[in-house]
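Heads up, the next two complexes both have subunit A, just with different partners, subunit B and then subunit C.
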Partner chain A sequence: MTLFDLLAFMPLVILATGAILCLLAGAVRPGGYLYELAIVVVAASMLWSLALPADGMLPGISVTPYARFCALFLDLAGITGLLLAAGYNRCRGIVGEEYPATLLFALVGMGAACAATDLLILFLGLEAFTFAFYILVAIERGSERGGEAGMKYLLNGTLSAAILAMGIALVYCSRGTLQLAELAAQGRGAGHLYLAGLSLILLGLAFKLSLVPAHLWTADVYQGAPAPVTALLSTASKGASLAALLLLMPLVTGWPGSHAILWWLALLSMLCGNLAALVQSSIKRMLAWSSVAQMGYVGLALTAAPAGGLRAAAFYVVIYAAAGLATFGAVAVLSDQGERDGIDAYRGLGYANPLAGAALAVGLFSLAGIPPAAGLMGKFAVFAAALRGGETALAVVGILTALVSVFYYLRVVVALYMRPAEGECRESHSLAISEVIALAAPTLVTLFLGVYPSPLLDLLARLIS
Partner chain B sequence: MIVPLEHILILAALLFFLGLGGLLAWRTNLIMMLVCIEVMLNAVMLVFVGGSTQWGNADGQIFAIFIMALTSSEVSLALAMVVYLHRRKRTVNTDLFSEMKG
Partner chain C sequence: MIPNSLPILTILVFLPLACCLLLLPAWKRPRLAFSLALASMLLELALTVGLFASWKGLAAVQTALPGFLLLEDRSWIEAFGIRYTLGLDGISLLMVMLTAFSFCVAILVSWRAIKERAVLFLVLLLAMETGIMGVFLSLDLALFYLFWEVMLIPMFFLIGVWGHGRRIYSTIKFFLFTLFGSLLMLLAIIALHLFHAQQTGVVTFALHALLKTTLAPHTQLWLYAAFFLAFAIKFPLFPVHTWLPDAHTDAPTAGSVILAGLLLKTGSYGLIRFGYPLFPQAAHILTPLFYTLALIGIIYASLVAFAQEDMKRLIAYSSIGHMGFVAIGIAAWQPVALSGSIIQMANHGVTTGALFCLVGMLDERAHTREIAAFGGLWGKTPLWSFFFLFFSLASVGLPGLNNFVGEFLILAGTMKSSPLVAALAFGGIVLTLIYMVRLVQEVCFQEERQPLELTDLVPRELCLLALVALLNLWMGVHPAPLLDLIRTPVRLLIGGGP
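Coming up: the complex of A and B.
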């Protein structure tokens, strides 16, 4: 390890040190300033990787342009999550240093998972950030649902960890190495053990991406968790899991079995997610099922990996993350003391709180794929890759389910701009500056990418060959 | 090595599916679910140690040690949540934790 390697790893070191600093500072003097401290730490880590981009390599982990891009994306999502949480948590009485510190630890885990060159670090990174999310989901101790959601997430997450670890163990048994590069170089061969291991790894990651049939935790956890946590869970956590899956793709592409697995995962996720979202009356559950469906589109892109599907998948997840942060952010901001959960409770809020209403509407437009929001570009990239890769049947299913999805997204938008129910004249509480930034940033990114997506597409084409 | 890798794999597969089956069968008790997941993770560790001996490198054993650290932290968090949920409802029966459905 040289000094240059250390410089390349500084962003991760800054995040980890910052997390410990948050815990210590909170023990000395608790208060709301810890959120600002955490935001400064994340921003410092981000600025470092932008100002001094350096490649470095340690055993099991190496900082590459790809890892730096993922870290940048995750840091931006983390900052948005912290900005949202600052006001929300003060309102709910979630006090203490645990929230910002745990979030910083989650970012460290995600950064490590995206920079892994070895299955051990990949596994540890994935489990580290999932572990942080177990805590964040259950952090609202007064809430009826928080503990239940946390427990459900923990049980499902540990089961998926066991499956993922078993997959890695079988791969290791058949090849004798954990290095991703060596595994990719050795090729697939005919080992049943190796193929079984790969299938289990894919299944374990399907849990993290909440692809059907490993999606059962999603709706309950999204509904029970505090809204800012759900915002991160549906964006940063999914993004990091996909980044890890993209690192594994050289091992599985070309094997017909992996194609079949991804094909079924994508098909079932698109169908189940969109159909179940149709009948939900709670907005968070609806968005949870919609995220299952959106991950189905990502899976569709992954089945067409040789035809540029990986790029399309990454592009889609970035767009989905911006839209997800805008929608869940608006849900967090619009929630009063209780969670504003029923779709009917959003009637007329577009007038009472224009910015939050606009963010929610733009986010939902993007998820539905209506221009000028970016979702259309993402869907276009995914379906184009799928058609190039010869996945016509799956692409047709995708397009049809996307049409169905427009109904349940627009139902919320219609409710937003309907007249409020009589006798209900809500006080529109003014937004704090942090909430304005947290809502405006993802909304503007969504609109910008919808009009001018080529820089991001070019960047991803360079990063993911 | 005296014990062939196949035998270790068979034992590990048995343990893994025992854990998985138990998890599915015992879905009413939180503690038993945690125990079953532990059994599954122990099967994973067995495979790692077996593979490590087969290939003569230490990677698998290191992975097994990390799994131990991971499971101990996960179980401590899970038990904390069990205690918290038990205080709320006086039970560890999962059927009664059904606030959210749909």
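Coming up: the complex of A and C.
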């Protein structure tokens, strides 16, 4: 370990220090400019990794261009989450330093997970940010739903952590190492113990990505958590988990049997997610099921890993995250004192609050895969990879379930713009500048990637070989 | 002459979209916004007419692809092999003119009708024009697909926000039907480019490269089926036509004009430009099916039209019948019939667009479209009735008016290869005559059934209809310039070229 290596890890260090600073500042001046401080910290961390693009290696963790890209992406999502939460939390009396501090801790965990070169660090990173989310989900103390959601997430989460740990232990037993590179180099000669371990690891990650059948927590937690937290849970948390899974993919693809597992995960997620989303009347539950389905498309890309599926999966997740932040951000902004949860409650809001309405509509069109929103480009990448990999049947199922999904996304758009507001039009509060940024940025990114995705594609092509 | 250095096709596609930005400062002033939007649409029309006036000069200059007057090609998404390729040949030029013209009609007919959220309406209309222009000009399959889907969102809102009746049901039905076909087409497009990449090692979506792909008969059939389904839904052919009557009936007048005038044409255009040339053997195998569906469409739509109570719905069904003729002309895949189909696409757009305008104008005054509510309009609103009679006669194919030319060419061309089909289709014309004459007779000449206070056309409407009528007459009496325009592209298409 040299000084140079340490420099490369400064972004993580900045985030962790910032988190502690937030806690201290909160103790000194409760209710001060804590969100602003947290945003500055994240921005500083991003600036560092952009301005000093140094690669570094420590035991078990190494900062590579791939890790830096993932961290930047997650930091951007984190900033959006902070911007959204500032107004939302103040409105609900969630004051105090714990929210920004916990979020910063979560970002540290995510950053570590994407930079891991060792199963143990990978596990620690994943569990660190999941742990932060246990707190964030239940941060609204008075809320019954929040408490219930936090409990459900905690119970399911610890189970998955146990499964993941067991898997890692089994892999270690059979191979005697935790180094990802060494494990991948040992290749095929797979003992039963090793395969069992690998399957357990996959199952644990399927929980984080809420792939069917490990998805059962998703709807309840998404609905119960405060909207800005759900926004992060569905984007940053999924992104970090996928980034970790991509690190593991050399191991997974080394075992031909994994293809069948991924195949079934993708198929079931696309089917269950899209069909269950059809019948939801709560927008957050609907989006939760839709995120199950969207992860199914990611799974579809992963089944075609040898045919460039990994790149497609990463590309898809970035686009999905932009759309998810726009939609959940709009839900957060449009919620008054209570949550605006029923789809019917969104009637006529497209006119009452044009920016939030537009962000929601663009996000939904992106999720549905209708251009000019970026979703189509993501679907294009995924289906091209799937067909190249010979997954014709799965691709056809995917495209037909995508058609089903359009129906439930449209229902919200119809409510926003085509149904008159019921009773007196409840004028939603005018937007703060932070909310305007938090809504406009992901919306514009979604539109930009929809017409010009080349820069991102080229970048991903360089990062993921 | 237009200098070739200007990216004219790009301007043609994106001028309307650029104008949307111009409308933003006029957000609170709908009248100003209407004028601005109309100005940009007229500019667009002038541009296309300018291209038409100079097409012979352009044809003299050889472009990279035979038959194309203008080409633009830029790199766009290299990672996917997608390029930004636009090309204009005679067929596209005709369709582009029709597009620019129909949008002028659509905005003029909405001049007073759209009162709420007028600027949003205009923005969507302009975005729609960009999408449709793009569809008619794209020569890269992925780009084509992008424009093909971009058209959906504005139309979804046009019907859903400004429509009547069961507008939400209709607009969702429209959206899901069209999307169903196009999503499968997306898979087929991807598969086709993968086959091409396998054979040549070049990853591309360019139409002219993909034309050279050799496909196993079995594969070709599957891929063609996906394309065919997407185009058949837009067309619309018989079993997948059910979205059309709902969407047309519940759309605002401008929406109906664009649906009938342009969206249906994107289906037939797609089949001519992409479906047949890319999969010639498969298309040949499925020709009997295509004929059958088109004939059923003509006869079934005519019978259903006869039973309609709502004028707009009746005209919507007549659209299905007319597009059936276009389908027959394409299925024959023979120069005369294909020229007829292409001309008929333009004719139908003009005529049916005008009929929808007329019904919309009547609806604005009487607030009903029930045939049974009217009668004796010839005496009350003579100008309106005159134009209604005029366009109805055009619609049934009166010689001297435009539809006659198209139908005649289609039947003449089809007669050679499949006389039975031509004979049955001719029967369809007779059926059209029956229901259109009944419509005119009931609305214009019967005894007055309800005392309605109706005012006749105002000057704006009069000018609009008079212009359309003159155009109609010109296309009927002197179609030679248009036929000249499409002669070379049709020859190249039939010859297996682009």
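Annotations for the structure displayed:
Keep in mind that, in the parts below, the second predicted complex is superposed on the first by the 459 of 465 C-alpha atoms of A that agree within 3 Å, B and C clash if a C-alpha of one lies under 4 Å from a C-alpha of the other, contacts with A are read in each partner's own complex, and residues count from 1 in each chain.
By our rule, a contact is a pair of C-beta atoms (placed from the backbone, for glycine too) under 8 Å apart; a residue touches a chain by one contact, two chains touch by 3 or more.
Predicted model, so just to flag it, every value in this text is computed and none were measured.
In the overlay built on the shared chain, the residue A:Q223 is in contact with subunit B alone; subunit C does not reach it.
Once the two complexes are overlaid on the shared chain, A:P453 sits against subunit C while remaining clear of subunit B.
Once the two complexes are overlaid on the shared chain, A:L159 sits against subunit B while remaining clear of subunit C. When the two complexes are overlaid on their common chain A, residue A:Q280 makes contact with subunit B while staying clear of subunit C. In the overlay built on the shared chain, the residue A:T177 is in contact with subunit B alone; subunit C does not reach it.
In the superposition on chain A, A:E144 makes contact with subunit B only, not with subunit C. Looking at the shared chain after the overlay, A:M418 reaches subunit C, while subunit B stays out of its contact range. Once the two complexes are laid over each other on the shared chain, residue contacts for A:A169 go to subunit B alone; subunit C is not touched.
Annotation: subunit A has no residue touching subunit B in one complex and subunit C in the other. Of all the residues in subunit C, the ones that touch subunit A in their complex are 76-80, 117, 142, 146, 149-150, 152-153, 156-157, 160-161, 167-168, 171-172, 175-176, 179-180, 183-184, 186-187, 190-191, 194.
Contact residues on subunit B toward subunit A in their complex (touch as defined above): 5, 9, 12, 16, 19, 23, 30, 33-34, 37, 40-41, 43-44, 47-48, 50-51, 54-55, 57, 59-60, 62-63, 66-67, 70, 73-74, 77-78, 81-82, 84-85, 88, 97, 99-100, 102. Contact residues of subunit A toward subunit B in the complex are 120, 123-124, 127, 131, 134-135, 138, 141, 144-145, 147-152, 154-155, 158-159, 161-162, 165-166, 168-170, 172-173, 176-178, 193, 219-220, 223-224, 280-282, 285.
Of all residues in subunit A, only 351, 365, 370-372, 376-377, 379-381, 383-384, 387-388, 392, 395-396, 399-400, 402-403, 406-407, 410, 413-414, 417-419, 452-454, 457-458, 461 touch subunit C in the complex they form.
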